């Protein structure tokens, strides 16, 4: 009866990839804990990049800053 | 001061139905636990069917598989 | 297949009250949206009062401040 | 390594305001708990007003009722 | 930079099993979406059985009802 | 009417630090978005270190691996 919530940035994940995530997580819970797939719920949240923060800034700004830093090193 | 999060698939829930859910949950918390409606927050998340997994697959595939199984039995 | 998360302060809620919340929310989703109780998951989170903030302060401090304000009015 | 989820109504929050929220929360966790900004994740959920309940009704109805009450007092 | 929340009933999951869940989910996100393990956060919530509802009742009552039904069929 | 959920590892955070987090987040939402503190809810989840994964492993194993790597460099 587990519930799993996967939060990722909204960046073109395909329905096939979502199906793979759902199958993969459900199998993992079955294999590790013996949980019944029939009652395992998986919810994927796709979050706009403006709404996702890491390193104290929106994720696109963060990636740009990291790329700049690497190009200088 | 409770917080309630309701997650359902996005399949044409009307504003009237949402208002019923909000009123119903708020009353339930008032009746069972004496919680003050004025500070009871209810948030409804409508999730795309591609993003909702059950039985190890996206919910529409799961329903189709179940319908097939029942039609054969 | 809904998932509902109820967050309340940990203040002596009994198993019977929890069962009432679970039954009440499940019935509400059945009555309003036709959702199947067999796959409706309800998770209750009881949160320590130190960890629950409202009005910019922990909930017990908030209630004390409100009681004081009311006794003065 | 903290994770912070901010839920607000979807009412025209700008990318600049979102960046301020992300920076502010990340700094707060660094200043109060010494958490490393590089692994602090902030996710902002903007919720449709129909889907946000307070006082037992959708938030726009709630605000209208409050405005009416205040205009009468 | 994904965030994954796994909610299960608190029923004796070992630290080794938790480590397997964390590794498994992180690998899945790497393999399916190319997500960087270094910033993939996994949080496991173990929920008391009294606080977990399914089929309109607490999970232990639900399992007992199911076992009874099966013993009769 | 915002709701904020802060998830951190359970490692001796004091009630004073929690109060600081609650005040800080509530002020941030007031200053950036004009949100009313009276209806801003903040919930802090303290998560056991065994239950918190980063880099594909439980957080304490991750920190030990990082310390080892740094001592070698």
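A, B, C, D, E and F are the chain letters, set down in written order, and residue numbers restart from 1 in every chain.
Criterion: contacts are C-beta pairs under 8 Å (C-beta built on N, C-alpha and C of every residue); 3 or more make two chains touch, one makes a residue touch a chain.
Given the structure is predicted, the values throughout are model-derived calculations rather than measurements.
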Neighbouring chains shared between chain B and chain F, ordered by label: C, D
Option reproducing the contacts of B-F, where over half of them reappear, out of A-C, E-F or A-D: A-C
Centre-to-centre distance between chain F and chain A (centres being mean Cα positions), rounded to whole Å: 19
Centroid distance [mean C-alpha coordinates] between chain E and chain A, Å: 16
Residues within chain A bordering two or more other chains: 1, 3, 7, 21, 25, 39, 41, 43, 52, 54
Chains that touch, pairwise: A-B, A-C, A-D, A-E, B-C, B-D, B-F, C-E, C-F, D-E, D-F, E-F
Residue ranges of chain E in contact with chain A within the complex: 1-9, 13, 17, 20-21, 24-25, 28-29, 32-33, 35, 39, 52, 54, 59
Residue ranges of chain D touching chain B (in the complex, touch as defined): 7, 47, 50-58, 61
Chain D to chain E touching residues, read off their complex: 1, 3, 39, 41, 43
Of chain A, residues touching chain B in the complex: 15, 18-19, 21-23, 25-27, 37-46
